[in-house]
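In what follows, chain A forms one complex with chain B and a second complex with chain C.
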Partner chain A sequence: MATVEFKQVHKTYPGAHIVKGIDLKIESGEFLVLLGPSGCGKSTTLRMIAGLEDISEGCIEIDQQVVNDLEPKERNIAMVFQSYALYPHLSVYKNIGFGLRLAKVDKQIIDSKVRDVAELLELTPLLDRKPKDLSGGQRQRVAMGRAMVRTPNVFLFDEPLSNLDAKLRHTMRAEIRQLHDQLKKTTVYVTHDQVEAMTLADRVVIMHEGHIAQIGKPRDVFLHPQSKFVAGFIGSPTMNFLKGDVRIDDSSNYWLNFAGNDVQLDQSYSGNVGEVDLGIRPSDIYLSPKTCSHNNPLHEFEANIDSYELLGATALIVVSRGEQSFKVEVSANYALESGQAMTLHIDLSQLHIFDTQSGAAVYRVIN
Partner chain B sequence: MPQDTTSLSQGKAQTSWFSRNNQGGRLWTLLLFLPPALCLFTLFVVVPLFEASFFSFYRWNGIGELNNYLGLQNYSKVIGHSAFHTAIGNTLKIVAVSLLIQLPLALSVALCVYKQSWANTVFRLIFFLPYILAEVVAGLIWKFIYDGNYGVVNMFTEFFGLENYFILGDKQWAFAAILIVIIWKYFGFHMMIFIAALQGVPNDLVEAAKIDGATRLQTTFLIKIPLIKHAIILSMFFSILGALQLFDLIIPLTNGGPSHSSHSIVSYLYTFGISRMRIGFGSAIGVLLFIACVVFAFTYQNAFMKDKK
Partner chain C sequence: MKKRFMNDWVKICYLMLIAGFVLVPLLAAVLGGFKSLGELQSNPIGLPNNWEFEHYGAVLNNPFLWNSMKNSFVISSMTLILTLLGGAMTAFTFSHIRFVGHRYVYSYFLLGMMFPFATGILPLFIKIRDLGLLDSFYGVVIPQVAFGLAMAILLFKTFFEQLPAELFDAARVDGCGYARFFFEIVIPLSTPILATVGVFVLVTSWNNYLLPLVVLNNSDLYPWTLGIMQYQGEFAVEWNKVLAYVSITVLPALAFFIVAQKYIVAGLTGGAVKG
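This part shows the complex of A and B:
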């Protein structure tokens, strides 16, 4: 078990600043997910922990030891690659035991460790096969076995499930979490899939253009995004963004005007007067007040359905009111069709307000 | 009714034979594109081959009628000829040097310059340059280098105050000098094959090995080289076949001399068959060489180059 700490870590390539001063402490035994869109620097961050990329500035400590100048093998880490990176000319047995063989571990010990790991990952019948004779899920498990057999201090996963089909991804996700709960090893997991992040992580780090946009538990990140970027990135279907205006009255009360209505804001509003960005998730807009399960204040408005998309248990409708259009997630039970006019209800307790300039969250009713 | 069924099934069988063989117009492609290639191959390879086999049973100077039937005498002469033994010995030396020096050298250089960079591109070009040169030109360049009076070797002997040394005239060392030229001339070709193969090795595997604790040397020997095995096998094939067919470097360098000590099989054929107008004798050598090449190619392909599915 080990902690991993980033202290003002930068990564620059000629002409590109990829990671821009990250400060982060990963606790021992924690499952931390680095989440972000392509090119946000999450994989580079992971590769810096692994020692596959040099650190341009700052330092990374594993168990309070600075590892900047240590070779990957000296860091006691193991990594699972997106492509699995199995050695195609070696059998599953030799793939798993490769690291131990290099470390000149006794053959009998290698054998028992490889077999133990194979047993745990249900790979025993496949030990003599070559990687090309395995399915995607089996290859993934071999890659995990190769990482586990060396009993490293830190596990690193670089988008390990992206090459699998949806069903298998779901199964493997559960397996990875189960293994983590069993082994309790510090794990850093990179993904661009927010479902993976939400289901696996103890804490999620959302990265954006080389910075950390937010760190928090999955639920916190979803319910209390600290910026418009995080709010827009987390959640599927994505959050609706509307324009609104905030003014202050003579009694120092803040009023929000949007879609032609005034709503009073409570004292938690920390923004300025003037134009603001509003965020509301598609699942926080209801067709009728009855479908809202809690007794929150609702904001009612008329709108027309532009399009209807059935997703399965739910359906996504796009509605418009004036020039503004937004998505609403409703139960698939409703028989709706395009062009229909209807009354919608916004759960105001779920309303997010962001500063138009900085994108920072300035208002959120805390539940 | 039963009659109808039979004729129907026959019709079906006929249709299915054609359609089975003509999937995606395969049969048409075959009928359209095969004959020209087949004609050329027959005209320039198969016919001369049969002619050569035929000539090899005669004493014939290439002009006039074939009327001096010798049976297998040409073959027995070739097999008993000491210069032919030397030529075979030399060919084996070329094979040995190719496999033991040239390919390892090409592989080492390829490992140094296979990554994409400006400097590596320059080095690759420099190492590949000898291969682009015509063999005769390369031979003439090296003849000058080896020249005891005016060549580069002469500069060294003068510098060290030694007597002028004509390595190409030294029966003991002439072929060694040719071997150096062969390595210089062809290692760039093999280097390119290895570079292409090494560039196909996924970087993830090298990184995975690094994390598994492999040193650079271990990564090279345990990951990279096993993964480019197919390219090494191909290079070995080209080397051996090239050794069997080597000709145009020998002629400008030594012309097989001194005392026929530096002949390859083909230069031996040329000198003793063509130059001396003994077409029958030359044909016998050609037939033997052809058999050697075919046997080697088939054996090698069966042993190493079969697609393992």
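This part shows the complex of A and C:
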């Protein structure tokens, strides 16, 4: 069990600043997911924990010990790679036992450890095979076995599921979570797949251009994004962004004007007067007031359906009103077609307001 | 359909012609060893009228052949081992470690390929003499390794750079340093390139004539290429024995090629990463 702490960590390459001052504390036994689009620095951050990349500035501590100058093997970590990175010329047994053999562990102990791990991961019948004779999911499990057999303090996963097909990914996701619950090891997991992040994480760290955009429980990150970037990144289909105007009246009440209507904002509004960005998730817009289960204030407006896309249980429609168009997620039961005019209801309690300049969230009704 | 048939025939004829250029002289040499001197002049290419086995017998019974074969074998194996080891290690360094000036050093190694062996023979002789390596195997082996390294490094480096980078990351996390990774992971995965470079180096060394000629004076140290000279001197016009000698001495190189060929196969890295 170990904590991992980042203190003002930077990573620079000649001509590029990849990680720009990260402060982060990962608790012992926590499952932390680093999430972000490609090139946001999440993999580099993980590789710095592993010791595969040098730290340009700042320090990383594992279990309160600064590890900046330690070799990967001295950090007591284990890593699972995106491409599995199994040794092609070694059998599954030797692949799993490789690290222990290098550490000069007694052969009998290696044997019992390898067999225990193989048992746990259901690899026992495959121990004599070479990686090329295994399926993608089996290779993935061998890679995990190789990490687990060394009983490390910290597990590092670098997009371990992105090479698997959708169904297998689902199964392996559940297995990884189950293993974590069993082993209770500090785990850092890098992914660009928000579903993986939401389902696996105790806490999610969303990274953007080398900065941490937000840290929080998956539910908090989804419901209370602190910036326009996070709001747009998390959630599928993505959040609708509209333009609105905020003005203040004589009695110091803030009023939001969007799509031709005025809505009064409560005192939690912390932004300025003038143009703002509004965000509303496609699932917070309803076809009829009755489908909205709670008694929240609704904002009603007319719109035309531009397109209709069936996703399965739900359907995605794109509606437009004047110059603004946005996505609405509705039940697939409705028979809708393009060109149809209809009344929509926006759940105002789910409205997000972002500062146009900084992108910071300035208003969110907490419920 | 007819056109394709014609195409195939054109290809087959072309390939047979090319194969003929290689095989006919070889065959002529093998068969020449069974002919009398007279027949060799009247019928240099066809099958012998009388199969005379005594020329092969004489060559095989001559202890000089076996001694020169042994010398060739020692020189070639030393060259092979040193070139493979030195070339692979150097190439590994170039493909994995970025040090100051690595490009210049790499280019310097490759310069060796632009430098014909024969042009350097005089300074080479002087240097070998100064080092006191005349009349020793080292005097032949070391220059051969030096000249073989350029090609070996080029081929090895290209191959090593294609090995997945995550393999090295995984090995580092498992506790491998550079040396461990090189011997435990890279070398076992490099059999195709080791075989390719090995064949190239061994055949070049096995057939080298000029360098041993310049370096070696003691006939006890002669490799087979110099031994053939001895034959020509002793039996001035006995071409049938020379041909028999050549046919026999080519065999070890051929055998090595056939063995190594098995390993020159693609796909040995299958299963390391998703592919």
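What we mean here is this: the second predicted complex is superposed on the first by the 367 of 367 C-alpha atoms of A that agree within 3 Å, B and C clash if a C-alpha of one lies under 4 Å from a C-alpha of the other, contacts with A are read in each partner's own complex, and residues count from 1 in each chain.
The criterion applied here is as follows: a contact is a pair of C-beta atoms (placed from the backbone, for glycine too) under 8 Å apart; a residue touches a chain by one contact, two chains touch by 3 or more.
Since we're looking at a predicted model, the values are computed, not measured.
Superposition of the two structures on chain A shows chain C clashing with chain B.
Touch criterion met: A:130 reaches chain C, while chain B stays clear of it. With both structures placed on the common chain, the touch criterion links A:139 to chain C but leaves chain B unconnected.
Shared-chain residue A:99: touches chain B and chain C both.
Of the two partners chain B and chain C, more residues of chain A are touched by C. Of the two partner chains, both chain B and chain C are touched by A:50. Once the two complexes are overlaid on the shared chain, A:364 sits clear of chain B and of chain C alike.
Of the two partner chains, chain C is the only one touched by A:163; chain B is not.
In the superposition on chain A, the residues of chain A contacted by chain B and by chain C overlap at 50-52, 71-73, 77-79, 81-83, 85, 87-89, 98-99, 102-103, 146.
On chain C, the positions that touch chain A within their shared complex are 164, 166-167, 169-176, 180, 185, 188-189, 268-274. Looking at the complex, you find that chain A touches chain B at residues 50-52, 71-73, 77-79, 81-83, 85, 87-89, 98-99, 102-103, 146, 150.
Within the complex, the chain A residues that touch chain C are 47, 50-52, 71-73, 77-79, 81-89, 98-99, 102-103, 130-134, 136, 139, 146, 163.
Of all residues in chain B, only 202, 204-205, 207-214, 218, 223, 226-227, 229 touch chain A in the complex they form.
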